[in-house]
Amino acid sequence: MFTHYKNTVQEGDLVELAGPRHKSDIFILIRGETLQTHRGIIKHDDLIGKPWGSQVISHLGKPFILFRPSLNSLILNTKRNTQILYPKDIGFIQVTMGIGPGINIIEAGTGSGGLTQALAFAVGKNGHVYTYEIRPEMHKLAKDNLSLIKLGDRVTFKLKDIRNGFDEKNVDAVFLDLPNPYDYIAQVREALKLGGAFGAILPTVNQVIKLLIELNRNSFSFIEVCEILLRYFKPEATRLRPTDRMVAHTGYLIFAKSIELIDNK
Amino acid sequence: MFTHYKNTVQEGDLVELAGPRHKSDIFILIRGETLQTHRGIIKHDDLIGKPWGSQVISHLGKPFILFRPSLNSLILNTKRNTQILYPKDIGFIQVTMGIGPGINIIEAGTGSGGLTQALAFAVGKNGHVYTYEIRPEMHKLAKDNLSLIKLGDRVTFKLKDIRNGFDEKNVDAVFLDLPNPYDYIAQVREALKLGGAFGAILPTVNQVIKLLIELNRNSFSFIEVCEILLRYFKPEATRLRPTDRMVAHTGYLIFAKSIELIDNK
Amino acid sequence: MFTHYKNTVQEGDLVELAGPRHKSDIFILIRGETLQTHRGIIKHDDLIGKPWGSQVISHLGKPFILFRPSLNSLILNTKRNTQILYPKDIGFIQVTMGIGPGINIIEAGTGSGGLTQALAFAVGKNGHVYTYEIRPEMHKLAKDNLSLIKLGDRVTFKLKDIRNGFDEKNVDAVFLDLPNPYDYIAQVREALKLGGAFGAILPTVNQVIKLLIELNRNSFSFIEVCEILLRYFKPEATRLRPTDRMVAHTGYLIFAKSIELIDNK
Amino acid sequence: MFTHYKNTVQEGDLVELAGPRHKSDIFILIRGETLQTHRGIIKHDDLIGKPWGSQVISHLGKPFILFRPSLNSLILNTKRNTQILYPKDIGFIQVTMGIGPGINIIEAGTGSGGLTQALAFAVGKNGHVYTYEIRPEMHKLAKDNLSLIKLGDRVTFKLKDIRNGFDEKNVDAVFLDLPNPYDYIAQVREALKLGGAFGAILPTVNQVIKLLIELNRNSFSFIEVCEILLRYFKPEATRLRPTDRMVAHTGYLIFAKSIELIDNK
């Protein structure tokens, strides 16, 4: 994915069609099909063979640009029925937890697979993502979302409650994106290798407080709590200024490291 | 790197030794050597053979934890004589520009190699980083910093002015971390494949304004300007609150995409 | 105003009727009239004689609370056809520029009188606000807005271009809320007493840059540029968290002091 | 105060002497005395008779500017042995709670009197501040601080525990700046008039949670929780950018209104 693309657009490619200041469409190119947008109709056949970055014009004369889908667009366009993680948080999670090529990571819950996509992309062919979910419909949806971007083979999808623990041992990292991570810290400790990275995201301070208590109780160390604010500007050279409104809160990020259990603390 | 470590600490490993609330030390394990810290002396020999995540005690009785170095620690500990990029910005740059396994990216200038480390880690064995620098001493320093973490083979270091252009064509992404990126936008356009991602970081609004003018002049599109604020909390369950002070500004992030040159704009 | 109210609601009072989580209505009580709201109809006669802070019920059975109008509500409810200053900025302007009882301040432009209301309230009976405006309809609107809250006698409204200077000399403070304050800095200097406070608010960095140039050219000193971010929380004890979205930008605040003209700078 | 100054500096005046980029000195002018600073010595006699905003030169040739003390400088220079409220918070408190000329407000605890100064200035000659403190040394210090700026007659200082309630009834506003405001909400309700404004500032989320519980239990309504971030810029026209570091947190602000007790909530 992302790197398997040819220089020109091929039938079967997952493409992103973006209009200026408009939400982009992400879809698979199929001969004979058409795309309906608010700014006019576009035939798939007219896109096949074009170089990436080309301009295409709808039947209403409106311009679009043809891109390989970006990770950001994929995440924000993920078909979903739950809250998703934002790119601002995903980027910081990856850098802080050291998620990159070759890493093995457990994620729970899977949700619609937004974060799963980013993790599967980052760990590469030699890493792996184990993702747990208890709701069958989310499990299914996430699987489909990962297949669409051809990263399904880097992910093991498990329809399973984590109350009784994870199946894996000695993984590099565990990320919990569920309302009660504090109920599973002992299980995390079992799965994580010593020195491994734990992460979670939580919307309320009440949840953060509960999680801090459990992390301390289970000898996690190097605990960090933070939040990331992302502010966009109107990118105009003669009237440069921040946008009027912004996202004020997605969640608090909590990180910790699993260390040797020590008596004299 | 990061994934080549054994389960126990080996001679020759790059290790991170971290004390609670203290800056960590990152160094290579060599038999017979000792590490001097403000919290006591530690013999390298005493670390060899220990499991990662173990506790070790200095001759003053102070505890340290033994970690595989994290990317964050590496970046923040990078031996340097310039301003470095912060993890909060690096994470967002990677997610926004789609930097992951298999990607080819140009970076200029190299500086002390802080961002180079993160990029080299992220692109994996099948990707590559081409990094340009005009100051010989920085060129040398960055090379050494990358060798230390065994990622030098994923990077081509160039001691070369980019005024006359880059040697590469059709790369996936170009990131400029220098004071006058606006002077090299035509060169970026030449090197970047259509649909490819451009990024830059700049401390002052005056520089951002100049860059916006040049990006528009060179038909870049989907231009975004933003800034990221990272706020840490004191991670105490009974007294949870943000820290007293924080970094107020590292730089403005500017992103854009190279698209087909179009007459009727 | 604000202090002339009796303990119970009187005919002719300006009242604020607020429903939980709904925008409040501010209006004058007139016998025989009715108020139409989305949550039902309320008769003015039913409010007269009630204590402030009372609950009243609409014909649909929906509850409202009866308040003396707060300054914040007045400003946010100001009948207007322009952008207004936000309470977060007004409060900091007042404290930074020392606006309080007995102060004489010039304001330009008047706009719809949102800031004028706050200034007139703050300077008390012994202070005074001189406000300049060139658009007759705004001049008229602001006058009406100030009459409504019975603070018109503390304000001199001038329908006049400030290009040729202000009529007043030796005032304590001058605040410019117009797009090109940098064109009037010499005029501000003429009107302001030595040691007096200058302030302005501007939406774009380009305007701030121009203003800084002119302030330096006119020997203003102790120049400060800042911005204020206000973040609200959902005030729920069991689920405390910031709101999802917030105002990202109202304007940059610029403050300076007029000092003795000095040759050797 | 602030408005009783003549156009030229008089013996006995409280003056502020400010150097560029240096903390200012605030002191009373006394014939024959000298001021020692890091940038040289200045004789009080050389200041008397000068216009406000004048430049004066120390015996080392360093320039200073002579100002009437600003409220901000006074607050930040307040002789103290506790944490003080910051101007960014004070301004918003005043606007939100409607603190202005003629208002009666209760404050507890007094602390070193930083907020007391701002309140006493804002309420003018016709308003009044009742301030409670249980530590005799703080009570004394605050009294001295208010005398210094000649606002002591607008303040009633009480050395008294508020556990048994406040002596005043029907005040316009109550502000609690102490670690456990949640222990005194019933007392606040007794003292505040219906429709009156309550405010508090608290450093930790744990305290905010407790306060929210008590406000709800005591039928306070229109409860708001927020925080204010103030970011300064380096005010240079050719290199405009935020400062490197900023205050990340002073406290959470909590506001509420006392309304009629209602059964069916």
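Points to keep in mind about this one:
Chains here go by letter, A, B, C and D, matching the order in which they are written, and residues are numbered from 1 within each.
Everything that follows uses one rule, which is that a contact is a pair of C-beta atoms (placed from the backbone, for glycine too) under 8 Å apart; a residue touches a chain by one contact, two chains touch by 3 or more.
Being a predicted model, the structure only gives us computed values, none of them experimental.
Taking B-C and C-D together, the chain pair joined by more C-beta contacts is C-D.
Inter-chain spacing, taken between the CA centroids of subunit B and subunit D, is 44 Å.
As a whole-number value, the distance joining the C-alpha centres of subunit C and subunit D reads 21 Å. The mean-CA centres of subunit B and subunit C are about 46 angstrom from one another, to the nearest whole unit.
Shown for subunit D are the residues in touch with two or more other chains, namely 205-206, 209, 231-232, 240. The touch graph of the protein chains shown is complete. Within the complex formed with subunit A, the residues of subunit D that make contact are 205-206, 209. Residues 203-206, 231-232, 238-249 of subunit D are the ones touching subunit B in the complex. Across the interface of their complex, subunit C is touched by residues 2-3, 7, 18, 20, 51-55, 63, 65-68, 70-72, 87-88, 90-96, 98, 100-103, 118, 121-127, 170, 193-197, 205, 208-210, 212-213, 216, 221-237, 240, 252, 254, 257-260, 262 of subunit D.
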